[in-house]
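These are the structures, in structure tokens.
Both complexes below contain chain A, partnered by chain B and then by chain C.
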Partner chain A sequence: MIVELSVALSVGAGLFAVGLYGALSQTNLVMIMMGIELILAAALVNLVAFWRYLHPDVISGQMFVLIVMTVMAVEMAVGFGIAVARFRSRGSVEMEEARELKG
Partner chain B sequence: MTGSYAELFFLVFFGLAAVWFGIVVFRTHSMVRSAMALLFSQTAVGAMFLVMQTEFLGVLQLMMMATEMSIMALFMVMFMMDPGGMGAMDMSHQKRLSLRAGGIGLVAALAVSWLPDWGPAASNIPDAGRQVELLGIELLGRSMFIFESAGLTILTSMIAATMVAIAPRKKEGAA
Partner chain C sequence: MTMLALTLLAPMLAALLVFASRRLPEILALAGVALGLLGATAQLVAVAGGKTLLIILPFLPDMPIRFEATPLTATLSLVVATVAAFVVLYAAGYMRQDPQRVRFFGTLLLFVTAMQGLVLSGDWITLLATWELIGFASYLLIGFWHHRPGVAAAATRAFLYTRSADLGLYIGAFLLIGVAGTSEISATLATTGTPALIAGLLLLVAAMGKSAQVPLQDWLQRAMAGPTPVSALLHSATLVAAGAILLIRVAPMLPGGALLAIGAVGGITAVITGLMALAEKDLKRLLAASTSSQYGLMLVAVGAGVPFAALLHLIAHAAIKSSLFLGAGVFQHDRNSTGMAALAGAGRARPGIFAGFALSALALAGIPPLAGFFSKDAVIAAALASPAALWLAPLALAATVLTGAYMGRVLRVLWVGNKGEKPKPVPYMAAGLGVLVGLAAVLALAFTPLDRFLEADMAEAGLLAPALGLLAAVSGLALGWLFTPARLLGPVLARAQRGFAVFGGMDGLMARPALVIAEACERLEKWLYELVLGVGRINLLLGWLARKTDTKGIDGSIFGLVRQTIATGTRARKLQSGFIHREMALAVIGMAVVAALLLAAPLYS
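Presenting the complex of A and B:
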């Protein structure tokens, strides 16, 4: 058993759980994005831990980390774009008031 | 047992800090404090990367998150009804469902982490300079298409986000 790997994966599990709670429980768009950031941070921790403790000779593991960081940046850019548009048209980014977006 | 006790100690320390500050994000009423707590959480994650000897990714994480969370704090102050948290507004809903989902996610992720036999730990870690060299060769070699796609995706999302955020121009003759 690799203790360090288990610790890192447990931290990833904790971050994922907190992020999932935040993304589901918050009503504000920016706070929901914070929850998603925590979930992606959990993915980052797991990827680095797998690379470090299982396959440090295969550098593609670090490539995955760069892709997840890209996803984080894209999520922020698009999320804030939507937040600005929503705030301009409705004066709020509360998702409780965005039921008309439901398909 | 692999590595040193110092590595394990700092991994646990920064791991606990990351999860604790993650919890603080949703416990405080002040939005600025939320953004700062998320910054500290992501910084602890970056410190974990450094402990795991991935210097390049660790520094990248610290730099990216410092910028990202500063922007997030600005947006929080711009958009929130009570950015300072003085009114102690509750901005959450379906708490019980969210707690259940978070709990199930935690148990499932912990089970997947602890139950399998991951095999022996690798010990031949390339040093920091060699890692960056290998990553550069990987990015401009076998993974070039993925790397370029990521760049294009960022460019597209930047244009899309700007277009969405621009105020619509009023039509001529409209009241």
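Presenting the complex of A and C:
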């Protein structure tokens, strides 16, 4: 079955909208990070779709996706590290309460 | 050579012994001067035998210390030794009661040593050194009774007057050394032309200071503050004589111009200080003024070109003036004063001493056959024969009249008056006085041999000079005996008593120029001070500028940059809310703006 490029891009856009909403509406650090993951995933979907439909013979698109996935994993590790540390010290990961970085 | 050394060393060793042992100063001093006299006599005998005694000691390169006994210097040395010996004999009696005898005799011997050194010196360096030594020793001796009021000032004055004039000797001597290339006096006398004239005038200045010539005559009268034996020594053969001796020694070198100046200074001094002597109210000060006057006559003789006449008068005067002072000292002892009023009749109380004093006074006035007659005769003859006879001879004759007048006055004052009680005998003083008076009387016998000995060319005496001299002397004595100074001098009296303070006297001639120089120096000093201060101020300003540049400029810009950075950071921190949702919302808005711009690209590109 042939799926149209526009369909893939629509899926990506939907994924992005869900992620954006999640990142902006949630107060829990874990939930915000999940939103951000969704945004990145949307970007990856778009990237793969463009590669598959416009330049299927160039492998650099695939490589780029793999690198972004690695970066996502590292980012998640750092983010959850911060969340665990914060939970240990403050007993909460609610970002409404985290105002220490105010200038 | 042994004799020469003995002449010099005997008084010096005696002085050292006196100071080292601090006892028996009279005996040691007498032994020293007696040995010195012996040495000087033997030395003269040796020189008369045709030898020239010479001692050369190594000193500066090519300028050794020379002592030489030529006919002239040996004669002078004998004069010094003789006067010194009998003055010391007299002083042994005069200073009998003084608790400071050690200091007195020690200094006196030093003085005699220095004078012998000066007379016998054969090079300018030695002459300068001994010249300084007699100046220093005379300062010590004049100021001997320094605890009495005014004595220290008199000593300082004598020292400063002679010192200022010594500048002439220094420059003159160094000029001669520079021109001749050697410091030997006899060699430098070959100098001719302008250097000789300049050096002659400079040496005249030195002689004017030491021999108390107008206008530097003032210190000599004040130097009477010292003990009488000191005055006797100072006035006859030593300190004051040094000036005349210097001129006599350099006379062969002097050109016409210098002779003219010497004659003028001598003639004027002879008359002016003669007037001062006549007007004087104090016996010792009178004798002091008379000393200046007689040295003026010697300068006239030198100026007339006959230094031998000056030498004769110097020798005669040495004996005469020392005996006069010694006599005056006896009278001073009796009356405890040297004021003419206090001394009235003092001579009648001591006929023996008075006879000696009177004999010397007549000799000084110039009565034959005493020594003064012949020496003054020689001076007058020289003045008459000189090219400048027109004014030198009247000055010399006037001085002779004045000499007679003040001596006549002194004799009258000492003889006429209340004689008081009988005084105690004074053997030592009488002995010293007696010998010197004897010399003053018979010295003339030695003049003719001396003339041959020195091979001097005297001015042809003739009959005119002795006749004029005798006339002047007798008329002067008569005037002095018969009339008071007030009647003789009339309106001049008051001025003469003030020492003819022309142009403000010494104050005008020395003190004021010195003050002007001092003021100029002070101004220069102040100016230099201001200059140094100014340099300092400029330096301070530079330092201040450097500090300002450092603090305001460099530090300021660095700290300003830091402050601005901090301020910018502070302002930038305000953007940070620390509220993660807002940051994210802002990011989304940013992305939306970017997307909008990209989407709108076809509209504006």
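In this text, the second predicted complex is superposed on the first by the 99 of 103 C-alpha atoms of A that agree within 3 Å, B and C clash if a C-alpha of one lies under 4 Å from a C-alpha of the other, contacts with A are read in each partner's own complex, and residues count from 1 in each chain.
Here is the rule we go by: a residue touches a chain if its C-beta (ideal position, glycine included) is under 8 Å from a C-beta of that chain, and two chains touch if they have at least 3 such contacts.
Computed from a prediction, not measured in an experiment: that's the story for all the values here.
With chain A as the common reference for superposition, the partners chain B and chain C occupy compatible, non-clashing space.
Judged by the touch definition given at the top, the superposed model places A:43 against neither chain B nor chain C.
In the superposition on chain A, A:2 contacts chain B only, with no contact to chain C. Once chain A of one complex is fitted onto chain A of the other, the partner contacts of A:11 are limited to chain B, with no touch recorded for chain C. Of the two partner chains placed by superposition, only chain B is touched by A:59; chain C is not. Within the superposed three-chain model, A:81 lies in touch with chain B and out of touch with chain C [touch as defined at top].
After overlaying the two complexes on the shared chain, residue contacts for A:98 are found with chain C alone; chain B is out of touch.
Shared-chain residue A:32: touches chain C; no touch with chain B. Counting the residues of chain A that each partner touches, chain B and chain C differ, and the larger count belongs to B. Once both complexes are placed on a shared chain A, the shortest Cα to Cα gap between chain B and chain C comes to 7 Å.
In the three-chain superposition model, chain A touches both chain B and chain C at residues 20, 24, 27, 96.
In the complex of the two chains, the chain A residues touching chain B come out as 1-22, 24-28, 30-31, 33-35, 37-38, 41-42, 44-45, 48-49, 51-57, 59-60, 62-63, 65-67, 69-70, 72-74, 76-78, 80-85, 87-88, 92-94, 96. Within the complex formed with chain C, the residues of chain A that make contact are 20, 23-24, 27, 32, 95-96, 98-103.
Across the interface of their complex, chain A is touched by residues 572-581, 584-585, 588 of chain C.
Residue ranges of chain B in contact with chain A, taken from their complex: 1-3, 7-8, 11-12, 15-16, 18-19, 22-23, 25-26, 31, 34-35, 38, 41-42, 45, 48-49, 52-54, 56-57, 60-61, 64, 68, 71-72, 75-76, 78-81, 91-95, 97-99, 101-103, 105-106, 109-110, 112-114, 117-122, 124-126, 131, 134-135, 137-139, 142-143, 146-147, 150, 153-154, 157-158, 160-165, 167.
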